[in-house]
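Consider the two complexes below, in which chain A is the common component and chain B and chain C are the respective partners.
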Partner chain A sequence: MTVEAARRGGEALGDSALRPDGVLKVTGEFAYSSDLWADDMVWGVTLRSPHPRARITGIDVSEALAVPGVHAVLTHEDVPGEKFYGLEHHDQPVLAIDQVRYQGEPVALVAADHPETARRARDRIRVGYEVLEPLTDARRAALDPSYPKVHGDRSNVVRHQPIRVGDMAHARRVAEVVVRGEYEVGMQDQAFLGPESGLAVPAEDGGVDLFVATQWLHVDQEQIAPCLGLPTGRVRLTLAGVGGAFGAREDLSMQIHACLLALRTGRPVKIVYGREESFFGHVHRHPARLRYEHGATRDGRLVYVDAEIVLDGGAYASSTSAVVGNAASLGVGPYEVPNVRLDAYGVYTNNPPCGAMRGFGAVQACFAYESQMDKVAEACGLDPVEVRIRNAVAEGSRLATGQVIDMPAPLAAMLEDARAFPAPPPTGTADVRDLPGGVSNTTHGEGVRRGVGYAVGIKNICYSEGFDDHSTARVRLETVGGEPAALVHTAAAEVGQGLVTLQAQIARTELGVRQVTVAPADTGVGSAGSSSASRQSYMTGGAVRAACEAVRERVIELAEERLGRSLPGASLHDGRVVAADGLAVASLAEVLAGRAVEETREFRHRRTTALDPLTGQGDSHVQFAFCVHRAVVDVDVELGLVKVVELAAVQDVGRILNPLALEGQIHGGSAQGLGLALMEEIQVRDGVVRNPSFTDYLIPTILDMPPMRTRILENADPHAPYGLRGAGEPPTLSSTPAIVAAVRDATGRPLTRIPVRPEHISCG
Partner chain B sequence: MDASIRLRVDGQWRTLDVDTRTTLLDALRERLGVTSPKKGCDHGQCGSCTVLLDGRRAVTCLALAVAHDGAEIVTAEGLADGEDLHPVQRAFLEQDGLQCGYCTPGQVCSAVGMLEEVKAGWPSQVTEDLAGPPELDDEEIRERMSGNLCRCGAYPNIVAAIRQGAR
Partner chain C sequence: MEFLRPLSWEEALALRAGRPDAVPIQGGTDVMVEINFEVRRPGALLDLNPVRELAEWEMAEGRLRIGAGLPYTRLIEEVGDRVPGLAQAARTVGSPQIRNRGTVGGNLGAASPAGDCHPPLLAAGAQVEVESAAGGVRMIPAEEFYLGVKRTALRDDELIRAVWLRPAEGPQHFSKVGTRNAMVIAVCSFAIALHPAERRVGTGIGSAAPTPLRAAEAEEFLAGELAGEPAWGRSLPDGLAERFGELVGRAAAPIDDVRGTAAYRRHALAVMARRTLTWAWQDRLAGTGRS
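Moving on to the complex of A and B:
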């Protein structure tokens, strides 16, 4: 769509509407949290622990306080309210109290008139540490009760979720083919480009206004206020521009710290993390060790899955419980498996804390179960696509949790579609620049092999396991300058996914008006829930639609009063009230007559239930989404270099609401999966991060990202608003195992660990 | 040590005293309030702070402000004339070559600078014919834009946007 067409308002649901914040984003005028400024503000910095595990023997801030320009130095003693916070368990101290449990844990804060002054003062804080041996063995933390505890007397197991279905003893007797594998997933970082930052401004009522980049304003507010010792209403949050999120902004980072400093100094306080600090400032994707055994019949039908998944949650729980729930409930993949014994564990260690990242527990399991499916295919002499089709779930299938898929799940057809994509042409070896590694390739291409791999994934959409998941929208319709105009207000976080675009598209469509403004997200309206779990189109989209419907009903009532007759089946279209026979009966301007109609609605999805703690049975999920990837790679088997030649994806999204934005989500999810497959890992040794920079933590560049083909299906989910299906996460699941499968196809190597490194290819 | 320097930023001459250790990026963002260039890494690894420095693209986090006394700096904000966008910006918007948008001002400046380099006949690593003017195919675009990271992975649409912007 062109800018002109967009300005004419041709941006209803289903159009490739342009981003309303796009003009400011392409010029750089859009204010990200790190761009905020207040005239009399001071800068906050954080002193962090250099040790992954140590007892604190003393903190002396006197030298730091003496630095000219320093306004405040705070430790845990200065936290006026609750000393702990957390998303699911309040186990994380605002500032370390008597011990530190991970490298980078915040210990003290400084506010000063210049960031350099603040940093210099920070270096003068004296902290006494009695260094202890870090507890970093996640498997022992999960299974060995004698392993020392990370949190005093509390168990190291944050959650253990078993799944038990069928009769395993019988299954083992009848299985004709058994394949086993042990897999490892490295720690991936979300690596958003806009580091953690925000501005806290003390308010006259003794409260504080916080402008911050986050994924969920209200859950931040609920955690911040008790720590400040303030009622929730005195801590007001407004969303500042968000420079990417991908799960890393679900937990608090600098929020409480900036508010504490602002309340102490009486000045606005800005905190901006640098890139290195950002690696310590947010949770990461759980690294995982996964042990799988699949039993099948000789014709490739799965008989059982026996699996153990250990997810390293690091020092604090964050969202580990929910991640374990996903890994367990989706742990056998989108396949019909009559017998399952699966145990998923999330544990405490002294490694960096882990929590939400795009794909959320489903990513780790997907790498393992898809690797296993290729092994089953090989053992049965079947094509990898064929073995998946033979076991694929469909509408009506029962998952390992007992939940029946009550929405379209055309996985077999999607796999056929993926297989039917034309093959990219072979790469010539005549030009060194076409080889894996490009001009860094020192060979003549004699070791280059082509490989093709497939993978599928299953992801839950929205919050699961009985969580009261809801979103709120306020919609106001009035006349501005003679034209009807709608204002949409939610607390939903635009993180780049295009949510403000979609909210406006929904209001335009439902209210038949061109002029729609989406108000800045803040806590002045009810919670929208998090921009995570691919849930905002469903949830906030659903809330905006519900509020628009309520406004529409009232407008039609006003039209009925005005016209003195009832208008059954009337709708709003192109600024007019249109009767059921299609005739316009009044303009909105006439009907509104200077009044505003405003309605607020809360939207909830259908109820889910908890998983049984012993058997893992329960209707725990709202919706399932699927993506299939085909990856084509060239691998230099001698040098261990990989070039992804093409990625192709088939995804069912229920209904396409914005084709352009949707393609972007599939590209982006696939790119992050590519990163996990081939390059991205936070290297942790004995609890210490070895590579907190973009020199050593590599994310895909535009050269690493191959051309993509996409095929998008629209099989509506009857339970969802507009029939839509969340779209952001599924591509992140399947692109990783598809690429690794393609590299295995090219090399014959087992490749049980991701990211795959050159030495895994060239040295086995 | 402080030094007094003059910079022409988006068409306006600005004079400021800077500590000689101040990067051009910090001088722009923190001293002059020009926040269009973003700080993504501060180490020249991500490209978010790219501007046109005396007509050529440069990462401002790796430049010392004092070394560019008298320089002409154009940020993404200066490429547009209010609502009237530069063709490359318009193409980024229309092709959805952005998601969160944090890298975008840098991408846009880098693309504009890169198109000038192509116009001037500069070959890249992947240029086929070193004698003739380079032909801006997708491979050339990707090669020449590889210094600008986009974590949202909007790369396919960035390629499409630059293709459109080059027309």
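Moving on to the complex of A and C:
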């Protein structure tokens, strides 16, 4: 069936099929992981370290155990298997052993029959701390070998990835224009609304069933089982309702803890973090310091980039290595740069651990390189869009890693498109909600100036650097009540991105059936990989398609047997087998004749290679995605308050699979970028978080996020299923620098740190 | 935790006197957050919602008496035109959901230096009506009500019954700086109320000192500069609003914290004071607002 035909039906590939959880979420009826319940369950709570760095001199749990209603109090001594876990390095203790390395590190667990009882018992655990001065200087951790170590003898540098291209000495002689900048990116939080939560149920076979909101069931399973001292198969996971993820659920939070308590007490154990605890319960976006020097010719062509990027990974490695890989390989942006010297570092400190968040290393670099591009434009007397067009990559361009872009990359045209959007009209002063400060009534037009800014970003899609990634899908076709119906089963996490909807759309289209059920995601089927790196449409979409194709082949074989002739080029359409000439030859019900056809397929993307550790060369990425933003802002230059008037985005997605869901991703990604530009920051001083609540960790509201214009292009990637390109992350990269550029345009301030604060605009 | 539900004001006062460990709760938009964040674990909650009269308002002796339990949404709709400064402040509180539950009484009870009602109450010269079973009624002027960060003149056995203020005698404005365009706790805030009959301008500063406060020197400065009938009928003299703003900025005693720096707060207060005085004066000359 063609996409054009499918659009009319409303629920096939290319249609704006509605998500099954949409209405439930808006009306408050959706069951999140925090709503899980078992009749005989007990509640788990976590005792956390108040100190970012301390030696533990003793833990006394006797008073806590004596509290009536308490079922168990556990410390690291009660961890039966491996004591450490982690995504890339097993460096994180299940419960602190002899020392704590960040504020909020879990030290002990309590299970009790009521959450308040558990909390009161937790407060009676006595922990002796010998407080040490926290190590919080990421740059020294990266560059100063004499800086004390966070992890015993281990280097503070989790990863250093250099990129070396061309002849820098020569490049410096050739460059006619040189611009330098130092930039800082604050620690952004994913700020998902559904806090970490889950229910662990002990099983009769001595194992445990865990219902949890997470991003990758199988990587959780692989980390949990060894710590419990159980074979992998005895730890079974089922995805519970996820209230947002954005990378924050890639690492484990309460998973092992709940399982430990369940196995110890023999009762189902529920753990739900509160909002404050959630700020300590997951990793954040790496804060970064970036030093850039760009050399160009007078006509604005880049000659070299010399850069140093320091990413603060905090106390544990999490996915720091991969974040460094992205920051390095994408560190000069989507530009052709003949000479590059770039060093990206990810380090240990006693700051909060940082890991995955939408954009993953590419966000931090994008703020710096795009700020630099504006400086190059200014130094050359060029329009900021023009200087980007002159340097933009295209299909066939070589990136700083030496990788050649072998898919459409019409960046120059996208920039032209962004520039061609009509300008929004000047803001009236009749309604204060349209002005900077909004309802707070700070201006009636006084001090308000308009600014416009542009930015582009490049994001890798799928896992990189040689990781042999795959996703598994099982698809079953049978007749239910006389109607053909498909069941799709994967372990892929629906985290709000709309993957369940997409899986059904694919099955409907590939199998020509109306009824499709997507089974709950669990570890009863092979791994689907992570709902991150904008990869699930590509990977699990690819797997579902492959499984559907296999089912289709078998069904056509059955039809051939039944009809006694071969059906070359046949397809399935509207519940029928359709021959190549377009004529229906049999109904699916007839062909299946009560049988079920089931196929499981693993989908793999093409191979990538590691980056050379000394030169950073390698074909490290599967796919590239691009987004261009234009931001228009009104700034009250006296008070430093900003109203983003409009965000316009141009994004190439290869192929639109669900227009509504896609626009949602672009709006949401842009909003998250707006948050980083103007307000979102976990403020940390001496390793201590100062604003662990939504009172002072601000995320954009509807009065902050403006209406968006979008222009979505479909230049198919020949290597990808359906030609699609992952779409969730790219808008998060470019909206931030576009907004900051617009604020610079309005104010003339340098604004080298994000989020930009009012005092940077008005008093700085 | 016990949940006490008095049905009348007298019963509420009796329970308050008998249960020092009980925390009054009205809209709960502060209390419940504190409980959720484990800031406190009260022995009991004293629910004032069944005391229906607290959610009412009336005109008495030429003044408006706003019950401690009147939610912001109703305050804005029902008496907003009579107390525009307070209504503007109420409009900036939280989100629609919070304004449906939150109250002036709760804002006073919490006494956060960042509470949005305080500056307009100070500028308007409001009084807080409090009462205890043993001590009876006390009328506390707003500026004597705030003693320190989250500390008030309310005694342990007292409850807030109402706030009293005269319907606006002249233009009023409230302005608040936050790092987001809605639902934000003030980085700092400022309220102005013109009192033409007294040839006086009232002020209130929020979130820029341990307590909300008046900018006394700035008020005196204006009273002096604008002494005499003619001044109140003419445009503001050049530079006056600027000077007023500087004095307001100087009156604050801000700190650096997660929401902003002390220097920025002083600066922003000066800007807001200048702008709001200018708006109020324009209103007055144009005959809009009340005069």
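Rule of thumb we're sticking to: the second predicted complex is superposed on the first by the 735 of 764 C-alpha atoms of A that agree within 3 Å, B and C clash if a C-alpha of one lies under 4 Å from a C-alpha of the other, contacts with A are read in each partner's own complex, and residues count from 1 in each chain.
To be clear about the criterion, a residue touches a chain if its C-beta (ideal position, glycine included) is under 8 Å from a C-beta of that chain, and two chains touch if they have at least 3 such contacts.
The structure presented is a predicted model; accordingly, all values stated were derived computationally and were not measured.
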Which of chain B and chain C A:158 touches, first, second, both or neither: neither
Partner chain(s) touched by A:701 [first = chain B, second = chain C, both, neither]: both
Partner chain(s) touched by A:669 [first = chain B, second = chain C, both, neither]: first
Which superposed partner A:195 touches (first chain B, second chain C, both, neither): first
Touching partner for A:500 - first (chain B), second (chain C), both, neither: neither
Which of chain B and chain C A:579 touches, first, second, both or neither: neither
Chain B versus chain C as contact partner of A:248, first or second or both or neither: neither
First (chain B), second (chain C), both or neither touched by A:693: both
Contacts of A:415 with chain B and chain C, given as first, second, both or neither: neither
Interface residues of chain A shared between complexes with chain B and chain C: 274-275, 433, 438-439, 693, 695, 700-703
Contact footprint of chain B on chain A as seen in their complex: 1-3, 16, 18-19, 21-23, 25-32, 34-35, 37, 190-195, 241-246, 272, 274-275, 433, 438-439, 495-498, 660-661, 663-664, 667-672, 693-695, 699-703, 705, 707-708
Contact footprint of chain A on chain C as seen in their complex: 36-38, 88, 91-92, 95, 173-185, 187, 258-261, 263-264, 267-268, 271-272, 275, 279
Partner chain C, residues of chain A touching it in the complex: 119, 274-276, 433, 436-444, 446-447, 638-641, 643, 678-679, 683, 690-691, 693, 695-696, 698, 700-704, 757-759, 762-763
Chain A-touching residues of chain B, taken from the complex the two chains share: 29, 33, 35-43, 45-46, 48, 75-77, 79-80, 83, 85, 89-90, 92-96, 98-105, 108, 125-126, 138, 141-143, 145-159
